[in-house]
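Note that chain A is present in both complexes that follow, paired respectively with chain B and with chain C.
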Partner chain A sequence: MSDGQVTLKHVTKSFDGSQFAVQDASVTIEQGEFFVLVGPSGCGKSTMLRMIAGLEELTAGEIHMHGRLSNDLSPSKRELSMVFQNYALYPHLTVEENILFGLKVRKVSKQEQRRRCDEAVDMLGMREYLKRKPRELSGGQRQRVALARAVVSQMPICLMDEPLSNLDAKLRAQMRTEIRQLQQELGITMIYVTHDQVEAMTMADRMMVLRQGEVQQVGRPLDLYNHPANDFVASFIGAPPMNLTTATVDNSGTLHVPGAPRPLVMDQPLPAEQEVQLGIRPEHLHLEPQEDSDWELPVHLQTVEVLGNETLLTMDAGGADWKAKIPGQWSLEAKRQAVLYLNSSHLHLFALDNGKNIGASLSAPVQEEVTL
Partner chain B sequence: MRKSLLYTLLTISALVMFFPILYAFSVSFMTSEDIANRQIVPTNPTLANYYDVLQSVPILHYLMNSFIVASTATLGMLIVSSLAAFIFAFIPFRGRQAVFLLFISTLLIPWEATMIPNFLTIQSLGWMNNYLALTVPFFALAFGTFLLRQHFKTVPMELYEASRVEGLSHFQFFYKVVVPYAKTSFVTLGIFGFLTTWNMYLWPLLVTTNDTVRTVQIGLRRLQADEVATNWGLVMAGVILVIVPTLILLAAGQKQLQKGLTKGAVK
Partner chain C sequence: MKQAEELPRRVETVDEAVKRYRIPSSRSFWQKTVNYRTALLYLLPSLLLFGVFMFYPMFYSLYLSFFFTDAQGDPTTFVGFENYAYLWESASFRRSVLVTIIFVLLTVPASVILALFLALLANEKLRGIGWYRTIFASTLGMSVAASAVIWLFMFHPTTGVLNAALQALQLPAVSWLQDSTMALISISITTIWMNTGFSFLILLGGLQNIDEHLYESARIDGAGYFYQLRRITVPMLSPTLFFIITITFINAFQSFGQVDILTGGGPAEATNLIIYSIYREAFIYYQFGPASAMAIVLFAAVLLLTLLQFKFGERKVHYQ
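Now for the complex of A and B:
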């Protein structure tokens, strides 16, 4: 049973023949999966979605939908529905007519139209404005109409292109939950494009991070968060982003971090005299030694922002700008020296040239010879 | 104070603008003596002029012809211009921009300059004294195509894409989405087209040699030329009869026309 499955094989798109909008992307999106394409603007995520929709032709590669090669299939033959960023509601039609428009074109029977419309309207709670025109609706209501249109189509795949970016923050959080619930209720495959990593993290079963047309990593949100494949994913996923700084490997294979009193030891040897990037999440930094703290780093505090439940610190750590997120309310003085405590197993190592995660784990041996 | 001054000025200028029509209206009810005495209002209003017009020339026949010609030309123009505009706005093809520019550049050529070749074409097609000669040459209108294309261009691309996902053909998208979307432009162009063809004089005169398909504007000319001393009361009665349909059309379409014109101005 491969209804609702989408497989990309080495999909490549170039608009001008010299630069790639999407380069060699391969992935299989399973039936019923909530799959998020995420990346900064211009990374090719929308282009990829449009290729899946059939609105954009492939330069190379294959798209299989429902188990069949679909490269040359027109959008309407691909059995999918699509929700656009600006909702794409027909301005001259009422909400109800907008919802039923696609069904009329597909010559669905009147009874069936009625039934599906009622179902979608109840699901999305929009009965009171069925007879209004789109211009009389608020952003959130328009969004619901666009969703209802996708729901009544009963297609096994739904594509969404940044559907929440025109809404305010509060409504966005609410719609996020609603869309996720809707997808689970209907059991459809959802392919969702966003530039917002929070949306990706909270909604996705699996996500794909893109950068300049290249796939950076595909996986479950927490896997990407805990084991980023490279420094881009590490700094793109998570807010505030992962802190990075440059460190040097010496002849004996230990790692020297600028400003740190003690070096770190790697469990796998790296070529000597090499520079690498060291990364750590802001929430893994502490101002006081924790039970599992085994390494410390002196920093210079720049600013302190107390948010109520947590405190955000920005600091200068050996020349790099770092951020720390510490639970609780800390009324600290800024512009002074401080020491950060952390557990070295939370550290990530990335190659300096291509940013790839080296996959080495680090430890901080207690150095007795220091007391010589 | 300022407002009353403004309205006084507006009223005066409206009277000046309307004077010819008002005077024609007045004259159409005058007797020959009144006209000779340069009366402003008829001393002895009479419908004789209207009666005479209907007697002396087949004015109703002319009006009918005009109506058929103007309606057909308007309808044809709307259909041809909108289809062309749709292609120029939505269907990409190689050299589209060049073809469009060529299309638009015909606006630079005065109608009179193309009159002789058009006449020869009509003659060789054997369309003399035929409604075809009066309507078909006006179907493809660069101005109309341009006006509609500009409005079609404001249709969000997402609507086009959404309709493709929903399985609409190009033509379904055209008449189910684009036409309702650009309704005001259609009304504007329709009124413009109707008035233009209604008021044509030279071309109908060229391609007709008898009364079968002649339009009312030529009929008016006939009222004037028949006698040595023109009966102006008769002519003005004819003029009023000719103006009425256009006035009705304008009054009916005014709201839409305004919407259409200002819409273009804002975007």
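Now for the complex of A and C:
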């Protein structure tokens, strides 16, 4: 049984025959999984989702749904439901008629329609506006109607294209949890598109990061966060993004970082001297030495923003713009020198040309204190 | 407890708030009406134009309909409802009413359905569809006289292209404009053809305003083309359809040019629409009194029917 499973094999789409909208994407999405497609606007997320839905033809590659090759299957035969970004509610029908539209098309019996509608309405708490038209609803209520349509369809796969992007921040956070809960309650496969990495990180079982139609990395949110495959994933996931700066590796595997008093050492020397990108997450930077701090970097502070329980610093680190997120309230003066302390095992190295994670780990050997 | 009682009580109703806290405005009547006076200034040119060229003639017609007139159209004797009574008795006018009703029934539904059909075709995303859109809309740019003359040639019994086509199919020739049944049908065909461009364009615009995602959602649910047409397109298009139906309807009552050029109301008054008989009464027989009475009757009928249409048609319209 592979009901609810979706497999993409070398899926490729080009609208104009020269540029890729989606380039050679392969992945297997398992039954019951919450799978998120994430990437900046225009990277091909919707196109990929629409190919899975059958609304867009593939230029090359294969789509297998429920274990069967489905390239030429019509959307209605793919046994899926879809929630659109603008909800695609029928403006001339009441909420109830909207919810039942699909069931009527599929000639589900009247009793069954009633039962499923009641169930979905209770699940989503929307009984009081069942008789209203969509234009009389708030954004959040419309969102619920769109979800209810997906729920009553009882399809094993649900596709959602940026369903929360029209909601305000608070409602968005609430709906995130609700959608996640709904998916788990129903036990369906969810393929969810968003440009918001926070949504991806908080909702996904696994996620796929796309950039200009190309798959960058597929994996569990924390794996992507801790082991980004390249500099794009590193800076796309996490807010504020990972700090990057250019450094030089010499033949012996020693890394010279602009502005740093002490070099770093790689565990696996590179074949030749070259420039690389050094990355570190803002929360791994500290203003005071920690127990595990083994490296320090002098910077020039630009701004200091106190956000209640944490303080956000922007700074110039050897020519690159960096950010640091430090727990607690720090009333610091901006526009002055400071020293950042960090643990070198939190550093990431990326190749400068293609951005790939070099996969080397770094250490900071303690030097003889010549400067004293 | 005591402290709580001393707290000032908040007003509970709007009335109370008004009574207790409303302060008189310091603006004078002149200041308060400044917006209305500005609006009136902007309206003045169109009010003037409408007044001179529409309202004045309308009221003058009403006035004339109560008089006998001389050949110049000046009122001579007040006759009360005599002119209306004359119409009521007149077999020719009753014939005109009947012909007009048949004409409206022949043209309005056919025009709207044809335009909707063409708009649906032209709304498909196909290569070169722009050409078809231009062609379908082209009758919009043609004057009534030009269209009527084109059809006059096509309807010609011996040299017309229509009879030539019938002949090629081994079918008997038709007396398009000479036969008293066919004449009204021919006029209707011409009118439908003339209506198409405008209706097509407006309906196409309406179709393009419908969110594509509605259809995609319906496709995922498994709705076929005609189900989508019935349950999505037509309801979503209903405000546009309603507008088109109303306009076509009013236009049908005012179809004059094609009658004048193609049949002149004949044969044997078979195409003598009310609007055409008004013209004949006034400018051929110089009977301005009865002509004005007819104009008033026509105006009242169109107004009444349009109002009824709004009252009953609008219920089925889904405005967004």
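Observations
We adopt the following convention: the second predicted complex is superposed on the first by the 367 of 372 C-alpha atoms of A that agree within 3 Å, B and C clash if a C-alpha of one lies under 4 Å from a C-alpha of the other, contacts with A are read in each partner's own complex, and residues count from 1 in each chain.
Throughout what follows, a contact is a pair of C-beta atoms (placed from the backbone, for glycine too) under 8 Å apart; a residue touches a chain by one contact, two chains touch by 3 or more.
This structure is a prediction, so every number in the text was calculated from the model and none was measured.
Once the two complexes are overlaid through chain A, chain B and chain C clash, as defined at the top of the document. Of the two partner chains, neither chain B nor chain C is touched by A:S345.
In the superposition on chain A, A:Q19 makes contact with neither chain B nor chain C. Contacts of A:A53 after superposition: both chain B and chain C are touched.
Of the two partner chains, neither chain B nor chain C is touched by A:Q181. In the superposed model, A:R135 lies in contact with chain C only, and not with chain B.
Look at A:T303: by the touch rule set out above, it reaches neither chain B nor chain C.
Looking at chain A, you'll find residues 53-55, 74-76, 80-82, 84, 86, 88, 90-92, 101-102, 105-106, 153 touch chain B in one structure and chain C in the other.
Residues 156, 158-159, 161-162, 164-168, 172, 176-177, 180-181, 183 of chain B touch chain A in their complex. Every residue of chain A that touches chain B in the complex is listed here, in rising order: 53-55, 74-76, 80-82, 84-88, 90-92, 101-102, 105-106, 153. Across the complex, chain A meets chain C through its residues 53-55, 74-78, 80-82, 84, 86, 88, 90-93, 101-102, 105-106, 135, 149, 153.
Contact residues on chain C toward chain A in their complex (touch as defined above): 211, 213-214, 216-223, 227, 231-232, 235-236, 238, 318, 320.
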